[in-house]
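Below are two complexes that have subunit A in common, paired first with subunit B and then with subunit C.
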Partner chain A sequence: MAPSLSDIMTPDAAELARAAGGGASAPLEMGSPGHDLFVGLARLGDNTLILGHRVSEWCGHAPVLEEDIALANMALDLIGQTQLWLGLAGEVEGRGRSADDLAFLRDAWHFYNILLVERPNRDFGHTLMRQFLFDAWHQPMLKALEGSSDARIAEVAMKAGKEVAYHIERSADLVIRLGDGTEESHARMQDALDRLWPYAGEMFIGDEIDARLAEAGTIPAPESLRGAWDETVNAVLAEATLTRPDSGFAHKGGRQGRHTEHMGHILSSMQWLQRAYPGATW
Partner chain B sequence: MSADTLPGTEDIWRWLSEVPDPEIPVITITELGIIRDVALDGDTVEVTVTPTYSGCPATSMINLQIEEKLREKGVENIRLKRQLSPAWTTDWIGAEAREKLRAYGIAPPVDGTAAQGDMVAGRIARMTGENLTVNCPHCGSANTARVSQFGSTPCKAAYQCRDCLEPFDYFKCI
Partner chain C sequence: MYAQMVKSEATNDDPEMLAAFQARIDAGEKIEPKDWMPEGYRKTLIRQIGQHAHSEIVGQLPEGNWITRAPTLERKAILLAKVQDEAGHGLYLYCAAETLGISRDEMTEMLLSGRMKYSSIFNYPTLNWADIGAVGWLVDGAAIMNQVPLQRTSFGPYSRAMIRICKEESFHQRQGYDIMMKMAQGTPEQKQMAQDALNRYWYPSLMMFGPSDKDSVHSAQSMAWKIKINTNDELRQKFVDQTVQQAKYLGLTIPDLALKWNEEKGGHDFSEPDWSEFYEVLKGNGPCNTDRIEARQKAWEDGAWFREGLMAHAKKAEARRASAKVAAE
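Up next is the complex of A and B:
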């Protein structure tokens, strides 16, 4: 069950939104088309925001300069997509909250990203495996969203899809090279896959909000993306000489606002400035 | 600005063609193809801009430069519109601008090689690595290798020439 919009507005956030000239209208009613769409868009934007933040943590720490730059640029793409998704979520909500307000003024239980994207970076191989498992979902999701009945969603998907096509090429390529690489790199990639596998299933588990959005033709049902994901993952893992774990167990809850212990730590770093100086602008 | 001194849209296009791209100053924002429309609404000049990449940090700088340029030309009322669709493509970079990129040391986009991200014949089509020849902008050699899918900005990939050994940026096709 997703929290209601009145839950999402912490007192500070509500006050800041009002100060910014918004917040005049009533919160969206749970189960209403507007609330469903807000949550659906926040799920998309929170995935790209939290993964973008995680990837940006590599800046200045990657094994080689070229990969450092590549990681920072991938993070930039993801944060840019976040601005589009969360900007649209704020518009749909109609309470004057901007993409920045949504990114910096919500607390952990009001974020709807999947748990996979909040997993810690660990080593470079682990980061790339997480990216690949995500990209293999992200790419067909954006393709499907290009056909959304909501033109605003379709145009963001078309824009983001061009960027993500390069993400999947890169992450698949590196998973193959490292998986089918040295004994050491192979072992690390298999370890990453085994550790991350229980967090992949959440991408394909829908709730009542997803069902209504799919019915309306705005955002496809999570279950509908499983086939395309399996096809990509199986082909790449085979070429990478990695063994697909046979467990179907999936940790879940992130898409409903229930997160792992890592989420609070991410936010304390990401939201530091707005928490120390609420409402600061420059 | 009174009615008799209002600029025409062709004046505005000309002024915008004086604005350099902040990251690749040898080409202008009109050559980059990101200005999608120029219109007059009463005495308000409306400029429609599309971003190259959604996270491109130059976008806000470009908007600022457009405003500065129009103010310098005496325009008082300016409205900037963001347009996402149709999404920007490197196809909109003209032949002359591509030559300027090459002279500046950036290999211009090779048309028709945008990443698709789709499965082809059971595997990921890694066409940018396999079917793409990028000529070195320094010595012209086709004997080049990709170092990384992402170069100094998201819109570029990092390459190295195997003949003259110079590293260079390739403007990726999207």
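Up next is the complex of A and C:
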């Protein structure tokens, strides 16, 4: 049987682009399984990268020495997970981009993290609340990914899941202690919760890419994680004597590459050396 | 990372007990927290270990300055792990000092009010990425030179903390040298960064060993007590001899025109650092003194509500447990 036009064109286009130099082949076709998986993996890796960046901003500035150690440890876990997710994204993409290329050489509109993780640290209460809201999603997400039809994804999820089990234990514990601490610590935690709440909903809003990935059994649908998240969040907030905001409003767009103003500033410090000295190895 | 210019305290204890104490030290015995010790020994150690702990804590700042800008994910992870190690060292050292009857909060308060010092090397800025390499290579290198002998120091908790710390510091030094290697073999701009970092960190690193022995008034008592093992000049010489070879391998130039091998003494001749600069930095006039201490003050003050919140929760939880117990009985 004669090959169809697309069968002929696809490898040819890649080969031509490679021959034209730069090493980059034709971009993945939007809506192709490869493109979906690339975006799905970048969404995971960008979340951990940007949150890791934010957490690392605390280094040397935490309220107590044990927290300096815990935050550095958490940032380290998140950056380690980033290396795995973005490494895999680069492999799936097949254009020779490494995890570093993806982290340091994309502009904001090609980052797919949720807006929550780029929110500024503000006080330590905000940092902890952001972490808790994220961890309460991250843990069931990784649990579900352990059963991914893609063995590479399951393997990363297994490793990351062990780390994140500690993250949620710590962030939930501190939210409880500070919510049910002094009047001031309670007020600060409630304020953090109220301010961050509109950024939590984005974790559970899927798009077409998510639907196709869920259909293929590679990455679960965002909506499917809501129940587990609600259960954790409700239990912890109750014990912390904090009030769950009743608004269902959600800021969104990060997962499609539309970010807040903060994102450009994060990238301008994170990517500075790679951008200022292109081609250098470090 | 290390303590410098630690003033040793005079001691007014019973001469017989002092002699017995000195005999234990001379016999190589370790002094443990519950053992009798001269008041001067206790105070000098609190000052030395406390200063060392503060250096670890303040030392997070110049390196933390580059975490968000580290050029690759791997370098970022390595730097995070390193800064985390420094905080961990601070924690062991505060614990070691606490065995001598002072609390971590008291020491913190003394650091923030300027009554206790930290190593003046951390009052120098990290201006380009190669500085992160230079800090590991030179500053940690100088710290190791000081700390390896302290593994044999007479006070048990300090000696044990040092054994653990030295293992991690050697790893940091290798990581720092690895950054220097990449930079020195990299693009012309990277090489320039590496040389610039060496130029700025060379003399401050030499200062880390403290003033020359002839000007160091506190050494004799500390050496008798084995709180200090080698003299400042011995260690500085050893550091220079080791580092010259490493710089040569990197293809970098040590910023000292007088540096040359002296066959007769079997070591290098080198220029003394500018000690007036050292004393200015100690007085508070280093490039970063104000920024460093302000950053620590801000962290402590901004964190007050957090610490109080945790304490309040712990008290509430204890009260709830107590009343549950009463109810059960």
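The working rule: the second predicted complex is superposed on the first by the 258 of 282 C-alpha atoms of A that agree within 3 Å, B and C clash if a C-alpha of one lies under 4 Å from a C-alpha of the other, contacts with A are read in each partner's own complex, and residues count from 1 in each chain.
Going forward, a residue touches a chain if its C-beta (ideal position, glycine included) is under 8 Å from a C-beta of that chain, and two chains touch if they have at least 3 such contacts.
What you see is a predicted model, and the numbers here were worked out from it, not measured in a lab.
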Subunit B versus subunit C as contact partner of A:144, first or second or both or neither: neither
First (subunit B), second (subunit C), both or neither touched by A:231: first
Touched partner set for A:188, first subunit B, second subunit C, both or neither: second
Which of subunit B and subunit C A:250 touches, first, second, both or neither: neither
Contacts of A:216 with subunit B and subunit C, given as first, second, both or neither: neither
First, second, both or neither for A:123, with subunit B first and subunit C second: second
Partner chain in contact with A:66 - subunit B first, subunit C second, else both or neither: both
Touching partner for A:80 - first (subunit B), second (subunit C), both, neither: both
Subunit B and subunit C footprints on subunit A, overlapping residues: 66-67, 69, 73, 76, 79-80, 83
Subunit A residues within the subunit C interface of the complex: 49, 53, 56-57, 59-69, 72-73, 75-76, 79-80, 82-83, 86, 99-100, 103-104, 123-125, 176-178, 180-182, 184-186, 188, 269-270, 272-274, 277, 279-282
Subunit A to subunit B touching residues, read off their complex: 66-67, 69-70, 73-74, 76-81, 83-84, 135, 139, 151, 154-156, 158-170, 172-173, 231-232, 235-236, 239
Contact set on subunit B toward subunit A in their complex: 51, 53-57, 84-89, 114-119, 122-126, 128-129, 147-154, 158, 172, 174
Contact set on subunit C toward subunit A in their complex: 57, 60-61, 64, 67-77, 80-81, 83-84, 87-88, 90-91, 94, 104, 129, 179, 182, 186-187, 189-190, 295, 298-300, 302-314, 316
